[in-house]
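Dropping a structure here in structure tokens format, bear with me for questions.
Note that the chains are named A, B, C and D in the order they appear, and that numbering of residues resets to 1 at the start of each chain.
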Amino acid sequence: MGKGKRTCVVKSQERLAEDVYSMWIQAGDMVQEAGPGQFISVYSKDGSRLLPRPISICEIDRPAGALRIVYRTVGEGTREFSEYGQGESVDILGPLGNGFPEVSRNKEVFLIGGGIGIPPMLELAKSLTCKKSIILGYRDTLFLNQEFEAYGDVYVATEDGSAGSRGNVLDAVRDHGLKADMIMACGPTPMLKAIKAYAEEHHMECYLSLEEKMACGVGACLACVCQTKEVDHHSNVHNRRICKDGPVFRAEEVIL
Amino acid sequence: MGKGKRTCVVKSQERLAEDVYSMWIQAGDMVQEAGPGQFISVYSKDGSRLLPRPISICEIDRPAGALRIVYRTVGEGTREFSEYGQGESVDILGPLGNGFPEVSRNKEVFLIGGGIGIPPMLELAKSLTCKKSIILGYRDTLFLNQEFEAYGDVYVATEDGSAGSRGNVLDAVRDHGLKADMIMACGPTPMLKAIKAYAEEHHMECYLSLEEKMACGVGACLACVCQTKEVDHHSNVHNRRICKDGPVFRAEEVIL
Amino acid sequence: MRKTSVNIAGVELKNPVMTASGTFGSGQEYGEFVDLSLLGGVVTKGVSNVPWPGNPAPRIAETYGGMINAIGLQNPGIDVFVNRDIPYLRQYDTRIIVNVCGKTAEDYVGVVERLAGEPVDLLEINISCPNVKEGGIAFGQDPKAVEAITREVKNHAKQPVIMKLSPNVTDITATAKAAQAGGADAISLINTLTGMKIDIHKRAFAVANKTGGLSGPAIKPVAVRMVYQVAQAVKLPIIGMGGIMTAEDAIEFILAGASAVSVGTANFHNPYATAEIIKGIEEYMERYGVQDINELIGAVR
Amino acid sequence: MRKTSVNIAGVELKNPVMTASGTFGSGQEYGEFVDLSLLGGVVTKGVSNVPWPGNPAPRIAETYGGMINAIGLQNPGIDVFVNRDIPYLRQYDTRIIVNVCGKTAEDYVGVVERLAGEPVDLLEINISCPNVKEGGIAFGQDPKAVEAITREVKNHAKQPVIMKLSPNVTDITATAKAAQAGGADAISLINTLTGMKIDIHKRAFAVANKTGGLSGPAIKPVAVRMVYQVAQAVKLPIIGMGGIMTAEDAIEFILAGASAVSVGTANFHNPYATAEIIKGIEEYMERYGVQDINELIGAVR
């Protein structure tokens, strides 16, 4: 039972922005199975918080058996995680879900991340060998953007215009006249909605990583569904489980 | 507000027996007010456990601003405390309650402790200058008994007879033909009941430290009451608050 | 200056934070930790016409994220209360809300009449205590009984009357409407949920009364739901309670429809809870630019 | 060899530990973590006569020591269930308990009749889901409706029938007695308590359905109390549930009167919870020299 819940150890923790933290976890053999776009469930040590927090995998270091998560402190659970120092134990389950597909070398791809949807794009950027334009959208404070530069051309958009294009990621695409065959994106739903429309308009293949509140993280509880265009094979209704069938879906199969 | 809830630091922790632990806490100025028979409320760090654990004060080191608790791990809360190492923070409230009275030098006193009622008798033994016979009752494994030897003659009883008198503390009193003017005791209710009867029979002044499940620890919630012979001044009924009016009571005023 | 004061049945509280009956005595004990003049009001431990001894111990047990209690409304009776506790509370600049309990309608009326000439701001009628055999919850689970006892109390009360409702009902709006029909000036909810804990090692009930009232953050979602439902069903001001530990919790109740809140079990965990909640509410108003707390009451529908 | 098997309406379970409907799918997902053959039984996600899409997301929210859910009984319908999920579960040496939901009596009957020829051990009739507009809890809060639906289902069921009761009632013994009067073979309780959570920063309901069902250890004292009350009121075997996280919790329900238990929310916190609880029950029996688990059922009165 390779992907069981296990107690791991924090290798390092670093604050990247006001409320964004980066944690490397010594996670053992489970990292061998992990791929870009997958996530792990992280469990609180406090008994008042029972549900795991699903956090996307930002980087995988297979030789070292380590993985990195970059997450925002949005509540008490993630705040607890942010206080873990080196050597602290951390309970995780994963890797979970289906990540981004592989892409042939001759394609050109937009990798688009918005806000706390940026981290999973880093491992994806590392793993893809094709030509990549990396577009990152922020409210104001930048994080991780410099780390992307090793893997492709990086374009930034900020809502307040304090860095890069003023506006959203698609404003950056337009500002720079970028072109590609394919889009892979993760971020807030309004951004994904706009990207889905953009991809349709430009007849581009498009993969979106979705997010929803989860309970089990393994496909049993049916909490984290998204609406689908067709009746799903498993659910027999118009929805799919983000944790198990996703979080990455083909844009045309989901209704946002 | 001298006796507020405060975050202190664990100076040291030691296991004394299978499920009995000794913790020294760096508690600051509050120890100056503390006396034998008083207790502190110790709070869990886990949100699923909201009520403080009342734990009697075993020793007070006023020059160092430290106090010692010796406690049994009876549930998850005390188990959590037992895992605190040196330097760990610990939230406490106290000193709480009314402890044992002072005794004039010319009296002879029995200090009787049973089980986890033994620890508070140590600070009492240290503080009393009169002649003391110290009688300690255990189920089987001894703890703290050697530490008492500096402060008086120590007599032990064990239920299984593995050390000292076989039976209870009063069996030890009889075995050794001990005599005194006065009794001060802490331990399980059946023991206190027997001591109360013994004191009446021998016309001895007697103080008992009682225990009951507490919520607030400060006298507000009326959870930890004991029955009293007379109508109590505060409650206007036949009971008193162990946390606030006790935990030490004159034996003749309470009904066990 | 942001406005934090709220109005309950014509009585202005300087802020919406009160204490929950039975967790705060008459204020003396927690007065050592919190300046009572900071509070919107102090709701006293339930008081009856004669002294009540309460239930045998153990009276409480901790549960996951909460506790059960079966104190049984121990109290010194109205005479001691009037002579000792009211003068104590009068020293502070806070509203005095007296929680009234009884076994019969006459009991309630007796206490209410005795308080008519006293400097008491509001009366909270406890018809929902799960831990006494007669009166208490028996009055609080049947809408007809709620209406009747409310009317009876209102006929004799000089101060505005808050009816405290039990959550141990199929339809909380039915008892809330009954209280309104009986002439209540306000509603407070929720009292505790009836619960039980068994000690598996002793194979015995954890509280001597077998059952007790479950309180604490564990039950907050039930309380918020009921406050919301009642806010949609009646026009009376609501005092919300049930597991409020933090300012965030208090604001949740206010957004659901409560004009004021009571803090109970939190005091046991943190004797400064009430003062910290008051401060936290002000910080929330600051952060979100809320000029008047009344804008928040029932703002989520 | 200590005896851990229990009997529910003539069906022997190898141990008293089952899964709680809706938390365990039909076993496929948790089968990756736990050998399903270890379990006393698998209670499936509720299944209806036709596919149900469920409620909009967000469908869940964490609460203090628990969670609220408003999945809305999404399920693929009885045909897919019979063709896919039953064959999957048949691979394991465990009892199959199918949870049945519906909007009308005819819906329930349709599912029950479709299951008559299937290798299913027990039927659990869900008349207590708080998250669907019709059916569900509407059937479960009125004793007369409980009796009628029980009788109707019993008239068509081939397998023994467990009626799953709602805790959102004034008197749980009334609905339990009604189920007994209608011919139920067993009772399971409690379903979730109706709860609500408001996000104070977004000023919006945390689940799209506004209200949801509160589960988890937060509600355990309510569940234990109701199991105890029902055990005193009816002669039917009881399947207890509501916040069971550990073997200690399971034993508490058994001592209160449950012949078996269901583990729900705990699976989300610990996918191995069911197996660990089974092991822990055996350890408790060992420690206290209990030869037969049936000695523990209802042992605290």
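In this text, a contact is a pair of C-beta atoms (placed from the backbone, for glycine too) under 8 Å apart; a residue touches a chain by one contact, two chains touch by 3 or more.
As the structure is a prediction and not an experimental result, all values here were calculated from the model.
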| item | value |
| --- | --- |
| Relative to chain A, chain with the most remote C-alpha centre | B |
| Contact-richer chain pair [B-D vs B-C] | B-C |
| Centre distance in Å when chain B and chain D are each reduced to the mean of their C-alpha atoms | 46 |
| Centroid spacing, where centroids are CA-atom means, of chain C and chain D in whole angstrom | 34 |
| Centroid spacing, where centroids are CA-atom means, of chain A and chain D in whole angstrom | 35 |
| Chain D residues counted as touching two or more neighbouring chains | 64-66, 217 |
| Residue numbers of chain B (touch at least two other chains) | 47-49 |
| Chain contact topology (line, ring, star, complete or other) | complete |
| Chain A to chain D touching residues, read off their complex | 1, 3-5, 43, 47-52, 77, 93, 212-226, 234-239, 244 |
| Touching residues (chain side chain D, partner chain A) in the complex | 22-25, 28-30, 32-33, 45, 51-54, 57-62, 64-67, 69, 71, 74-77, 80, 216-217, 265, 267-272 |
| List of chain A residues in touch with chain B within their complex | 45-49 |
| Parts of chain C lying in touch with chain A, wherever the complex brings them together | 64-65, 217 |
| Residue ranges of chain B touching chain D (in the complex, touch as defined) | 47-48 |
